[in-house]
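Each in C-alpha cells, the structures are laid out below.
There are two complexes below, and they share chain A, which is joined by chain B in the first and by chain C in the second.
This part shows the complex of A and B:
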C-alpha cells in the first residue's frame, strides 16, 4: 500500500505524538517523571499539574498494531504463559516488554515512576496493572470508579471519587513528583480542555450533514486522538481542534466528504452507518477501504466516546475541577450500562439519519463485547433500521479474516439497498 | 429468447440457474469448483444452458400429439447420447494433453512406449464409455474428472501390466493432464453436439427431429448474469452484477417457498441463518465466523477419517440406535474423538449420529443468533441432502420452536443461483 495521504491536523497530531514519545524516552536526561495510565477516565490534566509525562499502554498497543508489530509481541506474551483469550492490548504491551520495550521513536521506554489506574470499569485493566506493578515495582495509585449500573451517577459516587482524589491520588502524585498540587494550575488546564472539547463535539456533530464531511469511526479515531490521550488540557490540543474544525468547515463549504488514506475525497456516500465497538488496528486501512469502496460512511460511533461523552453535554469545568474529573470518569462510554448504550446508539441512528447500526465485536474483549448482540436487536427494534454484526480483534492480526468480514459487510450494504428499494423492486 | 442467469460459486461446487423473464426456471447446471472459478463458472453456465435446451425440447416434443407418453424416454435418450458425445470430446482432449505431457527426464528413451500404452488405454476408454452411457446405466458422478478418472485407474493398470510398464509412468502424465483439461473452458457448439446425439439415437421420425431442430434454432441470449458465492469477485462482470450470497439464498428460498421466513443454509465452509420478509428481502443474518466446524467440510473430513464416501455417512447414521455425544467446536478434535469412541467399542452408526447432531447444534446456535426460527423454515445447501442431518434438525427445531413447517427442496443446492437469476430478471424487468 502506498503512503497514506494526511491532512494538516493529522500531521499536527503526528508531531504531538512524536514530542510526547520523545518526552517519555528522554526522562533520564530531563529528570521528568513518567506515569502509565489508561485512556478511559484518564486524569491527564491532573498529571500535568505535577509535570508528569503521560504514557498510555493502550495507545502503544494501537501504535504497534498499526505498525504491524503487535503480532510478534502477542506471541511473545503467549510464550510467557498468557492465554490466547486474554485481551490483546494486554498481551501486546507485555510482549513489547519481553522484546526490549522499544518506543515508536526507536528509543527504549524507561520504566514508569507511577502507575495511575484511574478507571476500573474494565477489570482487565486492574489485572494488567498488577502485572505492570510486578514488573516495575513502582508506586501504584488506584482510583476506584463505581459502575453506572442504574444508568446514572449519584452525588454519592461523585463524592467518593473526589475523596479518593484528595486523599490518595493527589498526595500520591505529589510524593512521586515532589511537586505541590496547585488547584489553579488544574483550573487553567481544564479551561483548555473545555475549549478543545467544544471543538471536538462540533466536528463530530457535522456527521449529520449529507454528504458527511467526516468519517466518525475511521476518521474519528484521529479526531479523538489528542483529547483522549496525553494532550487534553494542553494548548497544543486547543490548536489541533481549531485546525480540525477549519478542515471540516472547508469540506462542508465545498460539499466534500472525508479524505480517505488514498487521498481522495469520499463524496459518493451511499450508506450512512452508526458503528459500535473499536476498530481493528492491524488491518486498519484494509478495513476502512471495505467501507468506502462500497460507499459506506460512518456518521456516528460509540468508540469515539470511550474517552469521554462530550457530545452528551459533559465538559471539564474549571469552576468545579475535582468534581468534573469525577464526572468525567463516571461518564465515559465504557462505564455506561447496556440500556444506556442502547439509548445512545438508537439516538445516533435517528439523529444522524443513519441506515443502521453495525457492531464490530472484539473477539478478545469479553467485558465490552458481552451483550452486543442484544444491543443490536434492541436498536433494530426501536429504529426499524437493519443492524449487522462482524467480529475482528484489536491488535491480534490472527483474528482478522478479510474474506469473512468483506462478505458480511457487502451483504449488509446490499441488504440496506434492497430494503430501500422496497418489496416491489427487490433487486 | 432472453435468458437470465444466476451463478453461485461455492467452495465445493459451482451452480448455475437459467430463467426466463417470468421467473420460470429453464435449466440448472452444476460442476465442481476446482481451484479455477473462471472455468467453474463457464462450465456450470454451459450445463445450465444444456439443461435449458432440454426444457425447450420437452416443450416442443410435448406439443406433438403422437409422442404423448414417450417424451421422457426420448429426452432421456437424447441427454444420455449428448453426454456421451460430450464425454468423448473431453476424452479426445485428455488424450491429446496426455501425449503432449510425455516429457521430462523420467520419460527419456521411453516416450514411444508410453505413447503406445496411452493410445491403447484411450481406445479402451472410448469403448468402455458406451457402457457408461448405455440406457439404464448408473453413473457415480456427472463430472468428467470422476468418470474418466475411475476408468483410467482401472483400465490403465491392466494395460500397463500387459505392456510390462509401471502404472506410475502414465499416472504421472494423467495427473498433470486432467488438471489442464478440467481447467480449460468447455468447447462450444452445443447445438452441433445435440444434433450428433440425435443421430446417435438411430433412425428417428420426423415428429421427433423437427421439434428438436426447431428448439435448437431458438437463440439463447444471455440477457443478464448475476454472480454470487465466495468466488464472485472472480466473475468477469461489473460490480452491479454481483450479489452477496446471503441475499441470493434469501431470495432463492423465497422463490421456492414464498412463505419462508427463516432460511438455514449449510454449505461446504459456512453456515448461514437468514431471516427474510414476505417479499424475500433479507432482514437479518448470522453466519459462522473464523471456524468452519459444523459445516459440510466437517462431514467431508469425518468421511475421510472413516474411509467412507461422503454420501454414505447419512444412511449409516440413520441405523443408529443410541446417540454418542461428540464435540462440535473443532473438526480435527471431532476426528480424534471419533477414534477414541471407536476404540471404546462404540458402533460406527451411533458415533455418526452424534456427529450429525453436533453439526446441527452449531446451526441451531447460529439460528438463535439470527433471531430464531419462524414459520416457514427452509433448509438449503449440500447438507440438506443428508437424511441424518435433516432428522436431527427436525428434532431440534421441534424441541426449540414447536411446530414449524420445514421445507427442503430436492434442488436446494441451487438456492443461491436461483436467487441470483431472480435478481437478474428483476434488474432488467423492473
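This part shows the complex of A and C:
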C-alpha cells in the first residue's frame, strides 16, 4: 500500500509485502507452491507448514483499486459476461486475468497450485473460487465454516471444521506441496501469531485515548495488514507489531494523533466515530481526507475485524492448534450474526466514547451490507448516539461520488454538534 | 372429477392470499397447533411436519403487495425478497407464525435471520446451515447434528417429542409428495400443452402452504384432470428455466414466457419440493436418512458447492436433455449474487453442450412484461429457425 509519509512500521510492512510478491512471482525459479485464499478464515500458519506461499486475491483487488486499475478490470469482466450486480472484488480479479495478471512488482502472477477455499463469512467466496477453478483447473480445497446463526459457535461446528482440516485440507496441502504435515511446526507459528495478536489488540485499543493516537479505519487497514494476510505466524509479523506498538506508545506519550497521508499529525480531533463496513479503495486518500479535514477520527471499526476478532479475546493457541484454527474461522466478524454485530458496535460506541456509528455500505458486499440499516437503527437506539449511512463500493470507481459523501458527512457532523449542544443545555 | 380449473383456482387463491388465511385456519382448527415459516430454498419439511407443525413457505410478497416499511431496511442494490418478507412481518401478516427457519441460500437471507431475531424476539427463529462438504463422515455427521438441533428446537417450541416413527411417517408422506411432483413434471415434459407452467407453478407454490397429505391428493387429482383435458397443442419451443430458485418472478412473467411461444418443460422455480431427487429411506435412522439424501441425492443449485469442476453445470445439462428442452432461459432476480455469480459457469456449460440460452433479470414486482415477451419470443423464433 503506497503512502507518502512512512513510519518505520510502514516501511517494514512494505518490505514484507514486496518480499511476498517476489516469492509468488518467482515460484517457477524457486519451485515453491502458491495458494490463493481469503482474508477471513485465512489459514496462513497452516500454509507455512507446507512452505506454500500465500496469495490473497482480495488483497490484489485492493492493490489494484488503490493503483486505480480495478475499474478497467471490472469492465473487462463485465464484457466477459459477469453481471454488473455482483461483488467487484471478484470482477477485479477475473478482469485482471483477462489483462495479463501482472503483480504489483511488474512481474506476471503465476497460476496458483491450489485454491484454499476457506469459506468463512461470505457466500461469494464459494463462487469466486468455483470461477477461478474453472480457469486454473487446480486442486481446490473447500473448508466450510458454518455461520454463527444463533450468535455463538457449537461443538458440532468446531468438530466439523477440525475434521475437514484433518481429512481434506491437510492431506490436500500435503499432496500439493509434497511436504509432510508437522503439528509442532504449526504450534511454533501459532505461538508467533498469538504474540503479534496481543500487540495488535493493544494498538487498536489505544483508540480509547483522547486524542486518539490511531485512526482505527483508514490507519487501521495498515495495522491489520500483516496479521490479516500472508504474515500471521511469522517472526516478521511479531517484529512489525512490536514496532507499531512503540510508535503508538510514542504518540500517546506526546499526546499526538495518527499521521495522515499528508505527513501531519492529526491532533485536532473534533469527532470520534465508530465505522462499520469496508472502505472504498479507489479513492482511499480522498475519502480519508474528508474525515480528517473535518476533524473526524475513527476510534474503532468492524472492518479491522474481518480477518479475526482478536479484541474479543480470541488468540491462536499452540496447545490446541487445529481447534484454535477452527475457532478463529468461526469468529471472524462477518461470520457473526447481526444481533452480535450490533452488540459489538454498540459496545465500541460506548467503550471508545464515540459520537456515533457511521456505516460505509458497500454496494458489492451482501455479507456486510444486507441488514446494515437495521444495524444502524439498533445501535442508535441502544447508545442514544446518532448514526449515519454512506454508500460506496470497494474497487469500482463508478460508485464513488465524492460530492454526495462529503455532503452526508457534513450533515452528520452538524447533527453531532446539535446533539452535543442539546446535551450541554440539558446538563 | 375435479377439473384443472377448479384445482388451479384454489391454488391461485392460496398463492395470492398474503394474509395466509388457510394457514391461520389450520392453526385455529385445533388447540396447540403451530406454524413454522421457512424461506427458500430447502428446509427439511419432514422435521417440521413430524413436530405436528405446518410448514409455511414464505417466498416474499410478489407483485401484489406494496412494500412501504421493507424498503427502509434495505439499500437499493439488494434484491426484493428480504424487504417484502420484512413487510409481511411488520404489517402483521405473519403474526400467527410461531417459528421461522432461514435456510442457507446466501448472505442476504442469512443476515435476514438476524434481523428477524431482533425485530421479532418472541418468534423462534433458526438459521439452518446445510453442509458444503458431501462426505457422509464429515459433512454428513455435521448435518445429522444440525438436524438433531433443529429437532430439539422444534420440540422445545411445541412441548412434544418428535419420535423416530413420527419422522418416518412424515418422510413417507413427503416421499409421496416428491414422487407426485416428479410425476407432474414428467407429465408436463411429455405433454406441456396439457399442463401449462402457469398452472404447474401455482400447484407447487400452493403445496408449500398446505398440509402435505392434502397436497398429495391435489397433485393426484391434477394429474388425472390434466391427462383428461383437451387442450390444443401449439407450435411452441421447449425450454428450461433456471436461476429462479429464490426470489420468485411474478406470475405474469411466468405466463409471458409461455405466451411468447415457449413451453417450459423444466424449471427451478422455488425448488423446495424438488430439492431431493429420490425417496428418503423410511427404514433405519430417519435423521441419517435425511442427511444422506441431502448429500447424495439433491439438485445442483447455486447455494451448494460443486466439489468437482467437471461436474459444474452437469445437472442442468442432464435435466435439459431429460426434459427434452431445446433451450434455456436463465432468469434471475436482480442483485441475486448466487444466480448471477453462477451464470457464466452454468451458461458456459450449456454452450459447451450446444444448448441455446438467453439470460435476463427480473424482480418479484416487475411490471413491464413487454421486453421479456419480446426476448423470449425472439429466442423461441431463433430456436425454431436454427435447430
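Rule of thumb we're sticking to: the second predicted complex is superposed on the first by the 418 of 427 C-alpha atoms of A that agree within 3 Å, B and C clash if a C-alpha of one lies under 4 Å from a C-alpha of the other, contacts with A are read in each partner's own complex, and residues count from 1 in each chain.
In the analysis below, a residue touches a chain if its C-beta (ideal position, glycine included) is under 8 Å from a C-beta of that chain, and two chains touch if they have at least 3 such contacts.
These numbers were taken from a predicted model, which means no experiment stands behind them.
Trainee: Quick one: is A:373 in contact with chain B, with chain C, with both, or with neither? Answer first, second, both or neither.
Mentor: Both chain B and chain C are touched by A:373.
Trainee: Could you say whether A:163 touches chain B, chain C, both of them, or neither, answering first, second, both or neither?
Mentor: Second partner only, chain C.
Trainee: Scan A:130 for contacts with chain B and chain C and give back first, second, both or neither.
Mentor: Touch partner of A:130: chain C, not chain B.
Trainee: Have a look at where A:391 lands relative to chain B and chain C in the superposition and call it first, second, both or neither.
Mentor: Touch status of A:391: both partners.
Trainee: Figure out whether A:142 sits in contact with chain B (first) or chain C (second), or with both, or with neither.
Mentor: second
Trainee: May I ask you to decide whether A:342 touches chain B, chain C, both, or neither, giving the answer as first, second, both or neither?
Mentor: second
Trainee: Which holds for A:419: it touches chain B only (first), chain C only (second), both, or neither?
Mentor: Only chain B; A:419 stays clear of chain C.
Trainee: Using the touch criterion from the header, give the chain among chain B and chain C with more contacted residues in chain A.
Mentor: More residues of chain A are touched by C.
Trainee: Determine, under the contact definition given at the top, whether A:404 touches first (chain B), second (chain C), both, or neither.
Mentor: Only chain B; A:404 stays clear of chain C.
Trainee: Where on chain A do the contacts from chain B and from chain C line up?
Mentor: On chain A, the overlap between the chain B and chain C contacts is residues 363, 373, 391.
Trainee: Could you list, by residue number, the parts of chain B that touch chain A in their complex?
Mentor: Residues 230, 243-247, 251, 277-287, 289-290, 369, 371, 423, 426-427, 430 of chain B touch chain A in their complex.
Trainee: Quick one: which bits of chain C touch chain A in the complex? Just the residue numbers, please.
Mentor: By the definition above, chain C touches chain A via 72-75, 77-78, 82, 102, 104, 106-108, 110-115, 117-119, 126-129, 131-133, 135, 137-139, 141-142, 145-146, 149, 302-303, 305-307, 309, 312, 334-338, 340-345, 347-348, 361.
Trainee: Where on chain A is chain C touching in the complex?
Mentor: 80-83, 85-87, 90, 119, 122-124, 126-128, 130-131, 133-134, 137, 140, 142, 144, 146-147, 149-150, 154, 156-157, 159-160, 163-164, 167-168, 337-342, 361, 363, 366-367, 369-374, 378, 391
Trainee: Quick one: in the complex, what on chain A touches chain B?
Mentor: Those in contact with chain B are residues 363, 373, 377, 380, 386-387, 389, 391, 399, 401, 403-404, 407-408, 410-411, 414-415, 418-419, 423-427.
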